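Down below are the structures I want you to see.
Consider the two complexes below, in which chain A is the common component and chain B and chain C are the respective partners.
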Partner chain A sequence: MRTPLLIAAVLVLLAGVPPFLDLGLQNALVNVLIASLFALAFNLLVGQAGLLSFGHAAYFGVGAFATLHLMRVVEDGFGFPTPLLPLAGAACGLVVGAIAGFFATMRSGVYFALVTLAIAELFHALAPRWQGLFGGEAGLSSMRMPWQGVTFGSTLEVYYLALAWVVVSICLLWAYTRTPFGRLTLALRDNEQRVRFLGYDAHATKVIVFAISAMFSGIAGSLQAMSNEVANYSLFSSHVSAQVVLHAFVGGSTVFFGPLLGAAVFTLFAYLISDLTRSWLLYQGLIFVLVMLYAPTGIGGVVQYHARHWQRLDWSRLAGPYALGSLGGVLVAAAAVFLTETLSVLFDEPYAVARRDAGGAFPPFAAFGTGWDPLSPLTWLLPLALFGVGLYVLTRARRAIGEEWEAIRSAPTAAAAAAAAASRAGS
Partner chain B sequence: MDAPTPALQFVGVTKSFGQVSVIRGVTLDVPAGERHAVIGPNGAGKSTLFNLVSGLFPLTEGDIRLKGRSIAGQPPHRINRSGLARSFQITNIFHRLSVFENLRIGMLARHGIRYGLFRPVARLRRINEETREILSLVRLDARADDMAGDLTYSEQRALEIGMTLTTGADVILLDEPTAGMSRDETARAVDLIRDVTRGKTLLMVEHDMSVVFSLCDRVSVLVYGEILATDTPHAISANREVQQAYLGEEAAP
Partner chain C sequence: MRRLTALLLASTAVAMAAPAQAEPLRIGIIESLSGSQTSTGRLYSAAVQYGVDIINAAGGFNGEPIEVIEYDNAGGSTGAADEFRQAVADGIHIVFQGASSAVAGQITEDVRRHNIRNPGDEVMYINLGAEAMSLTGDQCHFYHFRYATTAPMRVNALVNAMAAAGELGTRVFSINQNYSWGQDMQTAIEDAAAAGGYEVVEAVLHDVNSIQDFAPYVARINAADPDTVITGNWSNDLLLLMRAASEAGLDVRFGTTFLDQPGNIANAGDTAIGHYLANNYVPDAGPAEFNDAYRDAVGHYPIFVEPPTIFAVGALAEALEQVDFGGGDIDVSAIALALEAVVYESPVGPITVRAEDHQTIRPVVVSHVVRGAAYPVDDTDLGFEVVGVVSGEDAIYPVQDSCEMERPD
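Right, the complex of A and B next:
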């Protein structure tokens, strides 16, 4: 089959490539790994059990702080093997998750989401004031101690440790879906009432799912703590909780590996773009909105859709419309980026200073490596034209793609065609 | 004791929603092995009665005993584990799971595998075999791997009955199992219900008198939350009071 080969190839790349990358990218990859595990752990709850948590930062943060406490003890001479430090995060995530989950899962839907949000906010409010446990506003810091000749001094060593933990955790999360309890989790998402009338204690079941999700989130938090060697209350912020929701949904919460894709794409996006522009969070938000509107199953959903129809895809017919669609997308994106960046320059402090120096006139400004005149119509016609043309191309491409897919969907499946052929041969 | 303990006993069961009493003192014994129908006009409280027995609502007064033991006030999963399973009037299945999976969930519960986290479900041979048995019992073998949500209506009803059987309960409650079915489908459903409830106690809500006649040993007529009469189908259909209350209220003088 293709899938195991694909996974093997990805693993080989993940293991073989990083030594040849620069330090910044190695660090970014560690963050990708952590975000991927966090997103998959989160998705156990939202994708499989149908419970949308808005406060998963709590368990991520608990895992991080637990690990830092253990690291500090190890620093003082306690002989705990450094590679096993994430066990602390797992254990604390599990326990805190079980307690929080007990209360949160008493309700479902919006109320569940609000309770999880409140629990995370509770940590966020408590942590800066609790010197002993969370190190106050400054937070906790520690050092990774060497173990068995491995110093864990370099980013690369941390990367491989994180890789090992993330791969093992993902395997466990995957195995979970194959167990009786994994199936029950899906049933719970579909119809909680029926689960109860089949003899299951729905509340207990939900608490366990919640705790397991929190446990793996705790491992992700642990790895973050080990990588950064510091943690403070900002780990509990709603930003962290929102980020994982974003990753899971852009990646596709209905597909097992979807959230992993979302986490990888967004983490790398943040790494690559955040140096270039301060508006990167805006772009991230725009992407999220567009994905939710036009591809609600996320990246993973789109990939899965193609994989499911793979046998019937005629790329010679699809490639054209897809290329056209990409072109349209690029044009529209270019227009959006141009406007955003231009406006951010024009409304920024330096430009206000420049205007004052120019006596209130509108002096030219620099963007994209060249100068622009804010009063020239050309400056504003360019993005408008890009947007118009891009939108036109995109609509055309969308229609063409729609027609192609209509043909693909209505075509008989290979299996059905074979069966029909067999029955004709038989009669 | 002289008589054997009834499978299901209602003792002065009352249920009020605020000021409105929906069930007003129902007392009824359903002996083990009996197929018993509850009939009555719309709003008589038939579904409420089912919801009381299965634990969806708490009782206001009275007691319900399953094989002699009180189940009043227990949550649905406990009542199910004590040996009572129900179907629903509105099809209540796992739409996004396969037909096989729908049945296996109940089968796992029957074998007490409620928190099975340490082995793949595909390796539980006995459970998978027994699930296949139920699957063929409800004649859905060919649809085992299809999404339950993609089944036809009558197939979904059959699946619903199958799910009710999986947990191994010996008291089965079916809430209008043939509602919305064509004549042919109803006939098949009746055969199916007769097959699968052999040796079990059945309590069913049913509107179709022909179904009641061909399936049930006894019938209770529920009108405005009270049992008007309990008797064999023939005696019930001959009962003047029942005719007035249920079979033709407009025709009554």
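Right, the complex of A and C next:
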């Protein structure tokens, strides 16, 4: 009962809030939507079918270029409704995905990953040369045309268009997992041998899954093309492929909505942090490593774990250790941020200029809104203390949380307890 | 803190009445400031900041200091599109960018579309180093200004100065990277043959930044027996090519365009000695005051992309002197019209804007690498010594037919 209400609330928020946000944030939300759909489409392969693709940028890019070509034709007077432009990306994604998938799914595991990587690189190498189709280095460019009185000029209109497409696509992807074919996909992940013995054609099945994943990636690419109104070869770069892997795994590839969470968190993180510090990529990498080490099921996995045991969670006992754990995390993070930012100031050229002006001495430097003396032990004791205390608190909290969960897991469920009581009363 | 503040303001829906004050001119730098392409992006950023500091020290503009905001495009055109929209949300008037033609293609189209959709609220784009010909060709528009050279300008100057120094010879080998820049270079080398009095013995295009061993190409160069090899290669493609040529004992002069990228000379070492460079400026070409002023403020002599950036901001400063909004709203079209008319006296000669395509007509400096140079680079004893400064009129090429510029009324 709770889940539909939650989804409805999220949808109302997504539809109602953006008009009141500033332009930059509206655009960031468009990116969140696109990244979410891309991550979910990607996860159809890795999460459901157990096929790790390292080259999904290819289908994202194909969708973008297909849509851009259609946009250019529309710009020249071809009457195609603007809101339906992503259909071009879906169609091309499906076709290219089916062809590429036919070859890639002949192998599984590492070999599959390498073939997909090679296919994406093929596009990446081809695109800058093929002036006619991909527009060379500068790429193709077009303009969204008005349709039925809607100009599609503002970011907000693009946002609602993207929202509609993403919601419909996610519903379709969800519905897919409930079909018999979706179940077959899961079986493929768990035991391909058995699927084959049951009489199914494993290769054909994998090609279809691959093509569907590529189709939804193509829709995501289309939305990107419509949002940016430009597409160039950099869409095919391994960076795009890596980003979606990152989103899916941080979000949790074993949970349907996990990749969506990962995409949303990382896209907003990049948006908010990238202008605060030039080291934001380092922080993003650190978060990825920490999630993989300590929560391999990702954010979605952690959320799902709590949801599954929701009835038995005693928040009055859990809240304390959780708050303590968060505090420890914040302290350790503060130490890491302090060290990174301090070092980046000290090794940057402006500080070298300041040192030269000070005659080779180490003048104080400004960071976090105040001045610091690089030679004072206090400056370096601070991160050390933060780190030490944070680590101690974190270890304590982790132990406490572990004990609480042990109790939760071993406690009999309410239903089991009732049954036991009934049997006692009966005897 | 900009975005977090904006977020807080938005979430609490606080509408604050802005106190009455003049509108400051806002400049946005959309460059790669994180990731693998950072070094060039930071040079652009440092040089823009330097130029704006000079304007602000002299009183700023419109009664306010000019604001400079950095936007990190994370090296790609998708990031640039997002950052451009953020810049518009922040009220940026002028965008600076230069490190990549792909990013420039995105930004110039974004600016064009923004100006079509928002008449009266235009944004201007000053291109500091994206040299793709299409930016002043079929993508040209009134609000884009290229304050940098292009392939034909560099080649014309290189050929001119090397011939004058008796170093060019009559047989030229063209080797370039197989994408728009390399193709532009090859076309320029072929086009300049008649005027330069040479024959292009062979023209080769190769993969971009993926070749580890240039020996086969060096063998082809050897077989063609040229006097000079002209290449637009940059980064590893330039270093590995020069090294392979030197290892094979090839006795040719290289005419290059990006030999001054920081780190190149340190990497190439003695291999680089005697090779030529055509670019916007080397410190040896200008007065010591200009070089020293920059070094005192930033920490090193102006190199690579910094001088053209300083010139661009200098030209903008002169344009700003020609317009006066009396502390009121800023009209970017008026600034663009003023910039079009500016004749900026750079240390190596005047820089003007060609009205038809907004390419700058500018002097090109040709230098070669010598030991014991006046301005050594990369902590070596090597540096660039000026061979000749080719005037803008001699280096420029005709306006491309594909450029159809619509001017504001």
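The criterion applied here is as follows: the second predicted complex is superposed on the first by the 424 of 427 C-alpha atoms of A that agree within 3 Å, B and C clash if a C-alpha of one lies under 4 Å from a C-alpha of the other, contacts with A are read in each partner's own complex, and residues count from 1 in each chain.
Keep this in mind: a residue touches a chain if its C-beta (ideal position, glycine included) is under 8 Å from a C-beta of that chain, and two chains touch if they have at least 3 such contacts.
Computed from a predicted structure; not experimentally measured.
Chemist: Based on the superposed arrangement around chain A, label chain B with chain C as either clash or fit.
Modeler: On the shared chain A, the partners fit.
Chemist: Is A:Ala202 in contact with chain B, with chain C, with both, or with neither (first, second, both, neither)?
Modeler: Only chain B is touched by A:Ala202; chain C is not.
Chemist: Regarding the shared-chain residue A:Ser234, is it in contact with chain B (first), chain C (second), both, or neither?
Modeler: After superposing on A, A:Ser234 lies in contact with chain C but is clear of chain B.
Chemist: Looking at the overlay, what does A:Phe80 touch: chain B (first), chain C (second), both, or neither?
Modeler: Neither chain B nor chain C is touched by A:Phe80.
Chemist: Touch check for A:Phe362: first (chain B), second (chain C), both, or neither?
Modeler: Neither: A:Phe362 stays clear of chain B and chain C.
Chemist: Answer with first, second, both or neither: which of chain B and chain C does A:Ala138 touch in the superposed model?
Modeler: second
Chemist: What is the angle, as a multiple of 10 degrees, that the CA centres of chain B and chain C span when seen from the CA centre of chain A?
Modeler: About 130 degrees, rounded to the nearest 10.
Chemist: Quick one: classify A:Phe103 as touching chain B (first), chain C (second), both or neither.
Modeler: Once the two structures are laid over each other on A, A:Phe103 reaches no partner at all.
Chemist: Using the superposition described at the top, determine whether chain B or chain C touches more residues of chain A.
Modeler: Comparing touch counts on chain A for chain B and chain C gives C.
Chemist: For the superposed arrangement, tell me the lowest C-alpha distance between chain B and chain C in Å.
Modeler: 34
Chemist: Of the residues on chain A, which ones does chain B touch that chain C also touches?
Modeler: On chain A, no residue contacts both chain B in one structure and chain C in the other.
Chemist: Within their complex, state which residues of chain A touch chain B.
Modeler: 175-176, 178-184, 186-187, 189-191, 193-202, 205, 208
Chemist: Spell out the part of chain C that touches chain A in their complex, as residue ranges.
Modeler: Its residues touching chain A are 1-4, 6-7, 9-10, 13, 33-35, 38, 46, 70-72, 74-78, 81-82, 85-86, 88-90, 101-102, 104-106, 109-110, 113, 116-117, 132, 134-135, 139, 178-181, 207-208, 297-300.
Chemist: Can you tell me which positions in chain A touch chain C when the two form their complex?
Modeler: Where chain A meets chain C, its residues are 20-25, 27-28, 31, 125, 128-129, 136-139, 141, 143, 151, 153, 155, 224, 227-230, 232-235, 237, 239, 270-272, 274-276, 278-281, 349-350, 352-353, 356.
Chemist: Using the touch definition from the top, list the residues of chain B that touch chain A in their complex.
Modeler: Chain B residues touching chain A: 54, 75-77, 80-81, 85-86, 88, 92-97, 101-102, 104-106, 108-110, 113-122, 124, 163, 166-167.
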